[in-house]
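The next part holds the structures, each set out as structure tokens.
What follows is a pair of complexes built around chain A, which joins chain B in one and chain C in the other.
Entry: the complex of A and B
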């Protein structure tokens, strides 16, 4: 059960950080980490099909779009400071929610996972094939996505400095 | 994937992902992290390699000599480039937070290409490599580099389309895409079409004649250390390597005849056209680019024999050529930095002012031309013997003659750039920084070493097939 708690913790922390972080780019990255956590949750509850799609679309594609959009935004727009002190109440609420959910939710999830195992024994799902036989593609996906993030950073950052001249 | 080698592709990837979080502001820390990542991998690899070459100890690691020597070359060239860029001084516009991670991701993708066990995995990582190099070419933000980058994009992405079409045709009559399955059923008509499309795609990516139009412009226009990376290793792993892999796949089958003809023709054309066009170039880097096309042609000729000796020759020449071209392109970058030009007509007598650069260049040029004690001689000899034994006598003779042309254009280059009387305007030119010379000197040492101890290297490489 400890692994589930770790994943919940990861999801909650990244969600909080994505709300309270001052830079848009950090928010986007934290959102990606949140999606990775959710997909890990899918994998641990034996729903690899959902996990793969969560990982590739939410953690990957959307993050790339967010980061490219953020890179195109001019620096001036981020210049004005917001007062975010009032938002610190959200973490407190979330901590209380986390404690409550750690007491009540695991039972519910273990029921769900039993149900999913029962469903999978009915007939061989497609997702199992992807997770068991094509695990290598996860590394490929990771390589491609990280490459695209760095490529966007590399190309668009420069365009801005060229205009400044 | 070969699980033994997985760490060599995962560690650079994780290191690249860690850089924006750990060292966002500190430029020195980024450089240190990327250099240490590649250096640790290279030390590990060279320990394993030396334990064979010196102690004759096979049991250290693995029997997969082919992947091992490829990964060694990738790490060697990758480390040279990162170390060189650290001291070369990145242009102000270049962002080190994305420059070094992109090189690390490139190294990771190349290692993954080497250890891939099916064509689709190979394709994914080739794509990742293309994307990375497309961005890296623009690093110095000059007009030439952006033009080069756009050219690279428009001429190599059709190649990707061809490869993915080939893969989808292969999927029509195969249960999966493992190399072993395709080997078993490789006599069907659709398989021939699919493999031809994939081969043509990889020929475009490696810049072989008649698909060579992008290479000179890209190598000349790209940011100098990156043109060394491109010519040294990326076009080889992303293009020729895959062709060698397919060559191993279809040896001893009915497909030999069809694909062998395509490869022999394009190989001999690139040997000749590359060598002749190199003779008339007026720019140092552009001449090296045409020389690169010519040498790639030799590798393709060796693969086209589809014999064990041919494959060994191709792999050995691939490794050798990676070392030569890295030395020459890094030296051209040094020359450009110190004198401000790469025009052969303006340069003269640099040997008096830049002795280390001059002599390492001359070693690399001699090795490329195939002068006996150096490693290039042995690999060219193996290629010509493989062609001769396979019955392609005319191709062997043409390859031998083209080797003399190689010597000719490198003699022209030496005479014009390094020898002769130093003109007055270069009186103030100094040798490049000490750190910039370290990678070049080390790789020149490897060229001499693998030439002198060729028997050990050959007995090591002959375990490939």
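Entry: the complex of A and C
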């Protein structure tokens, strides 16, 4: 049980640091640490496929996208003056929320977990779930992926000059 | 094997609150996306704990793979829009988005 608490501690601390840090690049790096913590949690929950995807895509690809976007808008990030009080008081608000939720949340969810149905013999491999049981979702994913590619292509379309027309 | 479902959901609620607070108070558009990322991480942990509770972890893994892909699409499209907005207006303040008319 202690390893779970340690990983959860890492996740919460990195999330809080990513919210309260002043520079956007630090926020993006702390988000990568958060993703690493979540993938460690997945590995300890015996979910290696989800852990590998989380580690490679969320901790790798999304961090690269964030850092490149932050570097593109860097000039405004330095000039952007925002009121820092709401970030500095955030740990205090989070502690109050944690105390309140420690009173109400565990009782409610221990009640809720009694309604779950424990399934026997669910030892089928992940590939069977992806390709057979949720095979239609692959079409949805491909549609979303192609839609996002078209959107990004149109966002960064070059304007034609008068000579090219 | 961890079976303490309510402790998991205590931490999930804290993580969700962190992301929601970031999305509510921030005026920086990139910080809004960071808050969205934190909320989606809490949803992923929720799915995997629910899968563990019902002894159906492989279906939960499948759902998480789909969710990661959707998250990447949303973040990539959102950041592309932000960079385009920055190129046109030289700001990343969410309140200046009111200039986008028509």
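Operating definition for what follows: the second predicted complex is superposed on the first by the 83 of 165 C-alpha atoms of A that agree within 3 Å, B and C clash if a C-alpha of one lies under 4 Å from a C-alpha of the other, contacts with A are read in each partner's own complex, and residues count from 1 in each chain.
The criterion applied here is as follows: a residue touches a chain if its C-beta (ideal position, glycine included) is under 8 Å from a C-beta of that chain, and two chains touch if they have at least 3 such contacts.
Here the structure is a predicted model, which is why all the values come from computation and not from measurement.
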Touch check for A:148: first (chain B), second (chain C), both, or neither? both
In the three-chain superposition, say which chain, chain B or chain C, touches more residues of chain A. C
Go through the superposed model and pick first if A:10 touches only chain B, second if only chain C, both, or neither. neither
Looking at the overlay, what does A:45 touch: chain B (first), chain C (second), both, or neither? second
Classify the contacts of A:139 with the two partner chains as first (chain B alone), second (chain C alone), both, or neither. first
Counting only touches as set out at the top, which of chain B and chain C does A:65 meet: first, second, both, neither? second
Could you give the residue numbers on chain A that contact chain B in one complex and chain C in the other? 137, 144, 147-148, 151, 155
Chain B contact footprint on chain A (complex, rising order): 136-137, 139-140, 142-144, 146-148, 150-151, 153-155, 157-158, 161-162
Give the list of chain C residues in touch with chain A in this complex. 1-2, 4-11, 13-15, 17-19, 21-22, 25-28, 30-31, 33-35, 37-38, 41, 44-45, 48-66, 68-73, 75-77, 79-84, 86, 90-93
Give every residue of chain B touching chain A within the complex, in rising order. 1, 9-10, 13, 16-17, 92-95, 97-99, 101-102, 105, 108-109, 112, 121, 124-125, 127-128, 131-132, 134-136, 138-139, 141
Please name which positions on chain A make contact with chain C in the complex. 1, 4, 8, 11-12, 15-16, 18-19, 24, 27-28, 31, 34-35, 38, 41-42, 44-47, 49-50, 53-54, 57-58, 61-62, 65-66, 69-70, 72-73, 75-77, 80, 82, 86-87, 90, 93-94, 97-98, 101-102, 105-110, 113, 116-120, 122, 124-126, 129-130, 133-134, 137, 141, 144-145, 147-148, 151-152, 155-156
